[in-house]
Amino acid sequence: ACSNSTSDAKSSSSAAPAASSSSSSAAPAASSDAATSETSSAAGGASNSDTVYKIGFQGPLSGDNQQLGINESNGVELAVEQANASGDLGFTLELVKSDDVGLPDKSPAAAATLIQDTGVVGVVGPAFSGSTKAVGATYSAANLALISPSATNATLTTSGFTAFHRIVPTDAVESAGTAKWLAKTVKSVFIVDDLSDYGKGAADELEKGLKSAGIKTQREGVDAKTTDYSAIAQKVATSGDEALFYGGYDAQVSLFARALKSAGYKGVTVTGNGGKSSVFTEGAGDAGDGWYFSCGCLDATTAPAAKDFEAAYVKKYNQPSSTYSPEAYDAANAMISVIKDLAAKGEVTREDVMAGVKALDYKGITTQVKFTESGEVEAATINLYRQEKGVINLLGDMKDQ
Amino acid sequence: MQDFMLNLFSGLTRGSMYALIALGYTLVYGVLQLINFAHSEVFMSGAFASFIVVNALVGENQIPGWVVPLIFLAGLLSGGLAGASVAWGLERIAYRALRRRGAPKLAFLISAIGMSFLLSALAGKLFNRYTNNQFPDYFNKDAVVFTVFGAEIRLIQVIIIFGAIIMMVFLDRLVSGTKLGKSIRGVAEDAPTAALMGINIDKTISRTFVIGGALGGAAGFLYGTAFVFSNTMGFLPGVKAFAAAVLGGIGNIRGAMIGGLLLGIIEVLIPALPFIGTKWTDVVAFVVLVMVLVLRPTGILGEKLGRAA
Amino acid sequence: MTTSMAKTPASEDPPVDTRDVIYEVDDVTLRFGGVTSLNHVSLKMYRGEILAIIGPNGAGKTSLFNSLTGVYTPQEGSIMLAARVGDQPVSVLGQKTHIINRLGVARTFQNIRLFPALTALENIQVGIETRQKAGPVSNMLGLPWARREQRESVKRAYELLREVGLTQRANDLAGSLAYGEQRRLEIARALGTSPGVILLDEPAAGTNPVEKQELADLIQRINREDGVSVLLIEHDMKLVMSIAHRLVVLNFGQKIAEGSPENIQKNPDVIAAYLGSEDDETAEGEI
Amino acid sequence: MYLFSSLAGSLGISASGTWQNLGSGGWMTAAAFFLFAGTGFVVATVKFTKSKTIIAAGLKLAAPKSSDAGGLFGSPATAKTLLLLVFAAALFYPPTATSFWQSVLVTQIGIYVLLAIGLNVVVGWAGLLDLGFIAFYAIGSYVTAYLVGSLPPKPPWGTMSPLFAIPFAIAVCLVAGVILGGPTLRLRGDYLAIVTLGFGEIVRIVAINADDVTNSTRGPSPQVPHPVINLGFTRFEFGLDQLQYWYLLLIIIVIVVVLFRALEHSRTGRAWAAIREDEVAAQASGVNTFRFKLLAFAIGASTSGIAGVFFASDVGFFTPDNFILNNSILVVAYVVFGGMGSLPGAMAGAAVLTWLPEFLKDQVPAEDRQMWIGAVVLLMMIFRPGGLIPAKRRSAELHDYDHHESLEVSAVPAGEGMGAKA
Amino acid sequence: MALLEVDNIEVRYGAIKAIKGISFDVAEGEIVALLGANGAGKTTTQKTVSGMLRPSLGEIRFDGKRIDGIPAHELIHLGICHVPEGRRVFPRMSILENLEMGAFRFKKPDEQILEHVFEMFPRLRERIKQQAGTLSGGEQQMLAIGRALMGKPRLLLLDEPSMGLAPLIVNQIFDIIKEINVEGVTVLLVEQNASKALALANRGYVLETGEIVLSGTGKDLLADDRVRAAYLGEEIAH
């Protein structure tokens, strides 16, 4: 009767470092023999130098929402591999992945793993907003720069996390877009969120937007651990609201989608970037058809700028890239560019990397990586997607829909 | 009225699964005065085993309508069988040795907890750790069977409610009418003396676990079909079913049934009230439990094994 | 019936004060569903006496005990209690068991109920300490008065152990004592609560004649030396007749007789309902 | 594999193999062991013989034999030596440990030892099965977060440094303990277990759903700041260094242990033992069983609350997921595993079982840890049902099977004080 | 050949040796009494015979067949019925259900025997539906004996049947034992009430700390000074 969430319930009470990191017991630079398989594989095309710098990645690599994390870690891994293979680094780059299961309570341990590893000079991630919130201050205190490819909660850049930067637009922007779009077609919206920083944040922003557009709304929160959505689905179905928005992540939306179908809900169904992944498509089955997704993210399979990236990705992973893979690739490359510049000048410290990240101006495949004072990226587009016959298709820029 | 009916049936659906699981708790409690903490893993094992069977039978194929009931039955049986064997092994490993040593009650509880950890982690290792595995869609679960007061009652609900009721009636007969039932009650009340009457204690206890396990495993299949399943799925339904068993009067078979159904209904009806909200579902369950126990310390029907009142 | 037990013939000036009533049971009726286990029972118990309650199995003796100690609440009648000298009578109906104990009523059980995992000494201390004041905080901090109380409780417990002849076994677990020793320990624990009256439910059941003798001596000593009144249920007539000052006989929940041992032994109703014909007794005695 | 502390690092000592994870601290501790073992043994034997002579001298009124550690650690000399060894290790090992183990020591071992000590009062001494113990830990944590201003509602009187929340947490937990215990402590064993379990879940779910108060699953925000102790003349600021927390925690644990030990051997402790052994007989002996049970509950609750404050202060961030039922069950498992009713047992149980998963981390895949822990617990219970260090008072419970119930218990259910309506 | 032969058995509780090698026998149709102080090992002996305990040494034969080590639930099929110490009725079952449990080894309880039990103990018939746990001590004792009779014993083991019974009932119980015996049931009786037991028994054994110290016919033992002093509580020294 006793096991709880995915990996191990006990360590959920733990703030012990590395409680849930899968592969990341990375050795300090000194003891190279202890490098784990995963770290060395990332070091793939080893360069001739024996200086080693590491970038960390924090995100969910296990648990229900692992696909979102894996998408990103693949992107980062690809970037690191390409950098090492390019031969012009002058040092070896290693990737240290730290698994936070996407849960805030596992985040401190995951962060501690990276922070305690003095070889780590910069971090891509955390992937999720809640995880970021839990450790933003810790990373900032440790002066370890973060570039998140996907943590979209609006308040992350206003919480005094000096280390935090992101290359995607916030949920405030995304949800405002969704609200405008919804207001064009429906008069009442049922809003459900998963109580997480991301889900609730997105839902809050949406509610704000809809209210100001004079749309009637209704709110409920459902813990992300729920596996039985029949009660809430029934409530939605009998509410008569014309649209439903769910703020939360892929695995949960897919269950909700099924429950809604069972309950016979016929309205417009929408979710944010957290829902857009293959996990949703597979989990929801045909109940997922018709769902809309808003996402400040690029579809690398169609975007011309990402052609090379997509080819390399498919070659390495035997599957097309997915949500946030290109963004993670960009974030990693941006980070690498900073380290590379510093390494050319001498030793690379966390402080230097931090300063370097703040001063970045790097052209990525998804966007121009250049941060405002608060750590936001300057340029941003929100796209609208829709699932049809088990495939999520890009409909285009939200503004135009 | 329509909403009420909808909720009532969805409550009954949940409730009948709780009741099936609760029976396992109650039976074991009846004979050993112990909370079998690993029973939730028995339930879980039923879901996995039946998935393997059903998935093998269905595969990617299109299933003709007349085979569906057979597959369903196969799922039910394999779930029950798996539950029964896990429960049997559980008793052998985690209980019998301690019983022989005359261990204190809590030691049993802890060894059952150890077993529960082990089984759940083992299932995670053997299969996977996603919390949302699903059975193949081999029939239209959501087909509307009939409508009451405008509420559409779906196939899966009907199957679960009737399946559970049939199993419970069967169990009730088994325990109240037969020698097995007598020996269970005898061991429950005073094991050494029961032995003097010619009752084989070990066998009786084993059988009790097996019966409870079979029901729990079958419930695992039903649950997996209706919702999703995982290696940790046992936990919450397990706790609730245990609560249901206590609610009805632990050790009391009909109590477990009534407690389970009641808990399921309450759990759906109360949060459906406009001012409460579905997120309080689990709280409602526990608050009701606490209140009932404070008012009626031995549960609704009291503690007698195998009797209604 | 030439036994050694009749050391103190009961008639020999009992220390009884008939003006001072400990228990006044008035017209008490106790029912369980269809079973009436006490049927309009009235009786008085006086300070200083050893009062025995006898009667056939199921006559309601234990039920009476349970009513006197607040375990059962009779549907009708009243039970007033003034256990210690100078107490005002209070009603025991509906009172909690531990309150009744504090009012000066101690009891033992028909089946021994010690704390088997505590030592003999500790068993008695539990009783003694319910009369003490120190709270958990002063215990934790080991404040002076708490320690003084603790010393007193150990001292008193040893006294009681000596009184029941168990000094040697002070530090043995109660569960490891022999049956007869456990019976005596249970009495010592009861005495630890400084009762005015002690209720003994079949204390001699399952003990052998030698132990019965020791028990009889002990009860008389408690009664005479400690001034504790004794209410006794017992089926062993030798024991009862040798130590009781007065007897009350119950049958089918009703009081059928009351009086001195001599009178009771001759009472034809009692013989018919309970004692059996004299022939049996003598026949056996002659062998 | 992890960073060695600078001390060990500069000494250049390093270990290898599977024990690597322990850092060089193992070796240094071994040294300290030897040092202390010597003195410890001497002190212990001297004391031991002395107390024997006192008894021989005829001072008969000596208090009864201490009744906790029996069995393996039966003799007072070994017990004392062992105690000294443990204490030496607690003092001298942590600075030499890797920072990984330092934080395991604080956030896992230390805190759970404290929790186990608290629960031991409830389960081990008073014999009440509490499956919602973590709720009080949660309450302690949330009280702290509230008082430092990390929750949406702000305290009207301004914020404070986290550790000063201890008295408030104790007070709130006492009240919560009494609120829970008041109506429910009259229930018998397993009913109490399910009610406490329900209470634990209610607290957790309320923490999730009372969004405006607790910030739901997002946890306190901003994080709980690191504690500052400002005594006017000196000012002590805690940082990320786990050692500071360790020594603070050690002090807390020592104080609690000393106090609880005194309690165990006082009238309160005996009353609990009596209730546990036979509630009806305890009542008949004048023990106000309800009051003592409530007391045990409240004491356990407040200990748990202290642990909560400490946890919140150290880690700074938590969510309702830190307070899942599983953790309540685990604390019970620690206590039973170590030896119910035995203080050293409960502590050892918690220490071993919290250490084990961290240790296993390098030996088995992370996902398999739960399985190993389950197996260890299972084997332990099968082969040593009394626990690691069984309590002497409890060991009498290890009767054989046919002893399990005196007839009168079931024969007179009314005697249990509930169905007494006749 | 005796019905029951106990041959040099030794029984232990862990390290404690409760029975240190005793031998005795009970012939078909006999009543044999086991006497002894508290803790002498009477109950232990009976439990070993009925299969609740296993001897660590020695043999027990019933009807010539070895039975030591056979568990209680199998032994009952040979007709060894045990009225255990402390009555041990099933407290939450009714009187009737308790009696039916006594006949568990048969497909159906024998109505005639049931009737016979009710004749012997009319109180049981009056309370046929009452929960056994709420019966008075003496009533429970009657029930326990009745329950054993339902199992159609060949050998009836009685452990202190008179404990807690009113004097009148004690006499009745001994009459009933006699009656059962006359009907062909062999009885092995443990009693504190030595005088009554020996008066009834054909033969008796006296146990002391796990060993048999005396044996003989009931009459002889009753006349024995040591028995009179130790078990009848009589002073013979004057």
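A few points about this structure:
To keep things simple, chains are lettered A, B, C, D and E as they appear, and every chain counts its residues starting from 1.
By definition in this document, contacts are C-beta pairs under 8 Å (C-beta built on N, C-alpha and C of every residue); 3 or more make two chains touch, one makes a residue touch a chain.
Here the structure is a predicted model, which is why all the values come from computation and not from measurement.
Touching chain D and chain E together: B, C. The chains in contact with chain A as well as with chain B are D.
Legend note: the chain whose CA centroid lies nearest the centroid of all displayed protein CA atoms is D. The interface with the greater count of contacting C-beta pairs, when B-D is set against B-E, is B-D. Taking the mean of C-alpha positions as each chain's centre, the chain lying farthest from the centre of chain C is A.
Remark: chain C and chain D have CA centroids separated by 43 Å (rounded to whole angstrom).
Chain centres here are Cα averages; for chain C and chain E they lie 30 Å apart.
Centre-to-centre, using mean CA coordinates, chain B is 50 Å away from chain C.
Multi-chain contact residues of chain B, defined as those touching 2 or more other chains: 37, 113, 116-117, 120-121, 124, 129, 189-190, 192, 235, 239, 242, 279.
In chain A, 1-5, 7, 62, 221, 223 are the positions where the chain touches two or more neighbouring chains simultaneously. Of all residues in chain E, those that touch two or more other chains are 52, 86, 88, 91-92, 134-135. Across the complex, chain D is touched by residues 1-5, 7-20, 22, 25, 27-28, 31, 34, 62, 103-105, 107-108, 112, 116-118, 130, 133-135, 137-138, 141-142, 159-160, 195-197, 200, 221, 223-224 of chain A. On the chain C side of its complex with chain D, the touching residues are 30-32, 66, 69-75, 96-98, 101-102, 106-107, 109-111, 113-119, 121-122, 125-127, 129-132, 134, 136, 139-142, 146, 149-151, 153-155, 158, 170-171, 173, 175-176, 189-190, 192-193. Interface residues of chain D, counted against chain C in their complex, comprise 60-61, 63-65, 67, 259-260, 262-263, 266-271, 273-274, 277-278, 280-289, 295, 299, 393-397, 406-408, 412, 414-415, 417, 420-422.
Listed in rising order, the residues of chain C touching chain E in the complex are 2-4, 32, 35, 54-59, 61-62, 110-111, 178-180, 202, 205-213, 235, 237, 273-276, 280, 284, 287. Interface residues of chain D facing chain B in the complex, by the touch rule stated above, are 123, 129, 183-184, 186-191, 193-195, 197-199, 201-202, 205-206, 208-209, 325-326, 329, 332-333, 336-337, 340, 367-371, 373-382, 385-386, 394, 397-405, 410, 418.
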